[in-house]
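Both complexes shown next keep subunit A, but they swap its partner, so subunit B is in the first and subunit C is in the second.
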Partner chain A sequence: MNNKVTRNLYLLPYVLWIVLFVIAPIILVLYYSFFDVDGNFSFINYKTFFTPVYLQMTFSSFWYAFLITVMSLLVAYPTAYLLTKTKHKQLWLLLIIVPSWINLLLKAYAFIGIFGQQGFANAFLEAVGIGKQEILFTDFSFIFVSVYIFIPFMILPIFNSLNELNPTLLDAANDLGASKWTSFRRVIFPLTIDGVKAGCQVVFIPSLSLFMLTRLIAGNRVITLGTAIEQHFLVTRDWGMGATIAVFLIIIMVLIMTITGSRKKGV
Partner chain B sequence: MDKKNTPLSKLFLLIIFLILYAPIFFLIFYSFNSGGNMNHFKGFTLDWYKELFHDSRLLIIVLNTVLVALLSSLIACIVGTFGALGIHSIRKKRPKNALLALNNVLIVSSDVVVGASFLILFTLAGIKLGMGSVLLSHIAFSIPIVVLMVLPKLQEMSPSLIDAARDLGASRWNVVTKVIFPYITPGVFAGFFMALTYSLDDFAVTFFVTGNGFSTLSVEIYSLARRGISLNINALSALMFLVTMLLVVVYYFISQRNKSSRLGVKK
Partner chain C sequence: MTNTIIEFKNVTKQYDNDSPVLDHVSFEIERGKFYTLLGPSGCGKTTILRLIAGFTEASVGDIYFDGKKMNDVPANKRQVNTVFQDYALFPHLNVFENVAFGLRIKKLKESVIKQKVQEALTFVNLAGYENREIREMSGGQRQRVAIARAIVNEPEVILLDEPLSALDLKLRTEMQYELRELQRRLGITFIFVTHDQEEALAMSDEIFVLNRGKIQQSGTPIDIYDEPINRFVADFIGESNIVEGRMIEDYLVEFVGGRFECVDQGLNPNEAVEIVIRPEDLEITTKERGKLKVKVDSQLFRGVHYEISCYDEDQNEWLVHSTKKANVGDEIGLYFDPEAIHVMRFGESEADFDRRLEAYDHGDAHEQ
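Showing the complex of A and B:
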């Protein structure tokens, strides 16, 4: 089989990539987090991070990400479950996935039109008799659009684990007298928990950093950690503070990965 | 799970599909609106499409986006495939798992952190922000995707195939080109298409490293959408939807072929 020399030849560009684009950026982010705006070495960024302003932001960022994840899960689980029972399930699954291939910004842009003052949603609300509401630039619109964007990513892993579920287990539960709810709670859900975890992971981490949605849909009302990083890097040019927030995002990411287990499934 | 869906669950699925597709078709519908907004359909027109095709700046951006996507996927495919070959040939568990963990870092990290850290990297390395930096970062985040698509193919390949080839007098190079490559080709293609869609779709990373002179479609849509509604974007989204559908069909056929070849060559 392959000897060491050819193997190292194969690995050379790949390892170079790992060093340059995986390890170096992490170290650089960590390095920059120890410098203030003027380029002096200090811990000021970390001090700033632990002030109420940033802690509050971190907390609300988490809260939004949590809400988005839970809502997506609540919609995605029944959808995935019902999908596995359809006749041409792979085709239906593909149709669920297709919207996730449409550029995210186009979808956000569509919602600017739908949720606008004169938009479709308001026309509908008026027709039903509720009357016009301010929908765009609210927490609701931000969460709705985010959930809309993430639903396919949540459905996919759950669908896969439901699909692998051995149907005879359900028959067994049924034979042993379990009600539908019991067999869901005791059999189906525990056996598909890996899919749920994978889905939550795929939704939670990106939703901490949806700065384009906060800008377009939430009109700067919602400030997440991602928005703050973008702000510091591209607007105020305070790279040190941006890097500090990035360090915390990386730490949070590692924590989530270890909690939900390192099992990964492709999106 | 042989029970059929009840009408109620069919309705649920229908609503989910409606919600997932409504915004997209909403955009496409209003791209034919002569009224100039997304609220009231005045009359049918193709003006927005005409305007789109006469906007040479936008056409250049489209070309740039496609060029970056194709080039980055191609290069990522080469590096990633050889990387996967290298990883696969490592016997010891610990270095192999370490490489795999490093491989996944960029996939699970949030886009903002990746973008910000690449921005630091390019600035320090003295690489001018523009097409070069965008191309490099797209290659960087596509490589792990290719690796993840190719590795399973290598793992499912029976080692006795290689032994047989060696016994029959194949040189080491012959083994790679005549045995391994044909076997993993579907995985490489799947990786290429995944990388292509990631690159076409990416906004956050590109937004950080794009600089002033260079723009991709996502970044352009973002800056247009921040200025408000313009039906040019709708026309653009209709065209992009068509292209996406085309990619989906291609991808579907590739994955179908993957499946049939798996059935064909049993271990």
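Showing the complex of A and C:
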């Protein structure tokens, strides 16, 4: 009896947190999404969402998030693989993670410096004879910086799953006639797919609603759902529409979580 | 055509500047026999297996397979398959796909794969388990899947790396019979690695006893048990009483203050030797009739026999296996036949040892 009371007491902060910062905001978002710009109850926001402007925005959010995820994966998987082969793997891992401790804004501003007209990148291009290019405010710079920011989050889960892989399984594959590539395709990759999924989740989902970088690095040329939400809340003051987009984002995120949700296989 | 399938010529394996894991090892493995590499952990037995499988390369020396040098052939091109200590079954594949793994790499037809996998699973008594996931299988069943996965590729040699060590005692004994039977039915070479001497004695045609990167002795289980070459082998295989002694002359040896008739000859007069007497060769008798007088120190009931620990006047321990019970604290006599005494020379090479034992056989033949 006493035990139950203390256990509930321990649970209290957790429950409070969930209610105040997870459940209440979601309910509020849902609530606001049913009011038009003048504060009348209506479904107009949902109708508006299915107009080409917003569908286009949704599509472009998906497209950029997809590109960022694929690029991150392409860089992160080999990196994580090499990391597991190094002698001081924990040290190398730490070095890769360190940049993620620095504030996102700081890193974005640093890239403005590097990619700007007077920046290091252009100085280099000039020196090799290509000449000055417009690097900042392009799709390329947007994806490049996003990938840079998300890579540690992609590497970590993949590294962990590679690290847990029993090395005798590779001997076994080799023993049964598999070449290095076949071993990778048939054994290593399928067994680290959970890490890949987890990495894709933590990259893809936040990428959907990126808005800081769209402004600072992409110069508002890239408009995603995140940008739209920000604009509606802070500029057009159409909270209802902003909330509606948020509702769709939440639905999309839940869907992605369910689809990529990993079924743990124990041995 | 010779019957040799694998040959090691002067193989050394050394990591960096550490002392070698394998030290100039040479041996031959014949087709269709059950071999056991036996030794304590770190003796190099697993390294030999990994060298044959191709997971590691020899620092010095050559490895031949069917008369062809194998040093540079990668593991995936070798005609051997391994059963790993932890089975190394692929957790993301079911039983069928685990067994089919090697066949799929060879790109065989689906119908052929299906038939071969069925055959292999039937062979290890796992027919009907095709669609099970690995995590749903027990330890003994996983073991069989691992064996099926190896034999389905029809290799010339199967390497088994302590495959029974993870099983409980009863299952382990059962699997010993099954493995031996399997090897006879398949008629291919098995090379089995273990640190368990009972396992080695029970299953093998031929045992290699290894210690510190060298083969100490090779031979049939009976040879090795009855005629160990040195203190290490005598101590490692079975229980032994080992004491120091002196060869007075042919057929007469002195130890623990007495002179005893033995069957050994051809050694130098007064040569220092070591004497082995197996506990089951010692017989409890009265003080007067015994060749040794000892005091019973402790006694354990082992089921089939009593294990009795005794001490003589010089505080040498004598272990006796007897179906008769002794009383702790009693002074008793121990009797043994001349044949029970096994004489070991210090630092004798295996070749010299074999020659000496052969001479005894000839000697016996003369007397008869």
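One rule holds in what follows: the second predicted complex is superposed on the first by the 258 of 267 C-alpha atoms of A that agree within 3 Å, B and C clash if a C-alpha of one lies under 4 Å from a C-alpha of the other, contacts with A are read in each partner's own complex, and residues count from 1 in each chain.
The definition used in the following text is that a contact is a pair of C-beta atoms (placed from the backbone, for glycine too) under 8 Å apart; a residue touches a chain by one contact, two chains touch by 3 or more.
Keep in mind that this is a model prediction, so the values were computed, not measured.
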| item | value |
| --- | --- |
| Which superposed partner A:Pro190 touches (first subunit B, second subunit C, both, neither) | second |
| Touched partner set for A:Ala246, first subunit B, second subunit C, both or neither | first |
| Which superposed partner A:Ile259 touches (first subunit B, second subunit C, both, neither) | neither |
| Which partner, subunit B or subunit C, touches more subunit A residues | B |
| Touching partner for A:Ile130 - first (subunit B), second (subunit C), both, neither | neither |
| First (subunit B), second (subunit C), both or neither touched by A:Asp175 | second |
| Which superposed partner A:Val53 touches (first subunit B, second subunit C, both, neither) | neither |
| Touching both subunit B and subunit C, residues of subunit A | 266 |
| In the complex, subunit C residues that touch subunit A | 53-55, 74-77, 80-82, 84-86, 88-92, 101-102, 105-106, 133-135, 149, 153 |
| Residue numbers on subunit A that touch subunit C, as the complex places them | 166, 168-169, 171-179, 182, 186-187, 190-191, 265-267 |
| Contacting residues of subunit A [partner subunit B, same complex] | 1-3, 6-8, 10-11, 13-15, 17-18, 20-26, 28-29, 32, 75, 78-79, 82-86, 92, 94-96, 98-99, 101-114, 116, 118-120, 123, 148, 151-152, 165, 167, 170, 201, 205-206, 208-209, 211-212, 215-216, 225-226, 229-230, 233-234, 239, 242-243, 246, 249-250, 253, 257, 262, 264, 266 |
| Touching residues (chain side subunit B, partner subunit A) in the complex | 1-5, 9, 12-13, 16-17, 19-21, 23-24, 26-27, 30, 37-40, 78-80, 82-83, 85-87, 89-90, 99, 101-106, 108-114, 116-121, 124, 137, 140, 143, 147-149, 159, 162, 166, 172, 197, 200-201, 203-204, 207-208, 217-218, 221-222, 225-226, 228-229, 233, 236-237, 240-241, 244-245, 247-248, 252 |
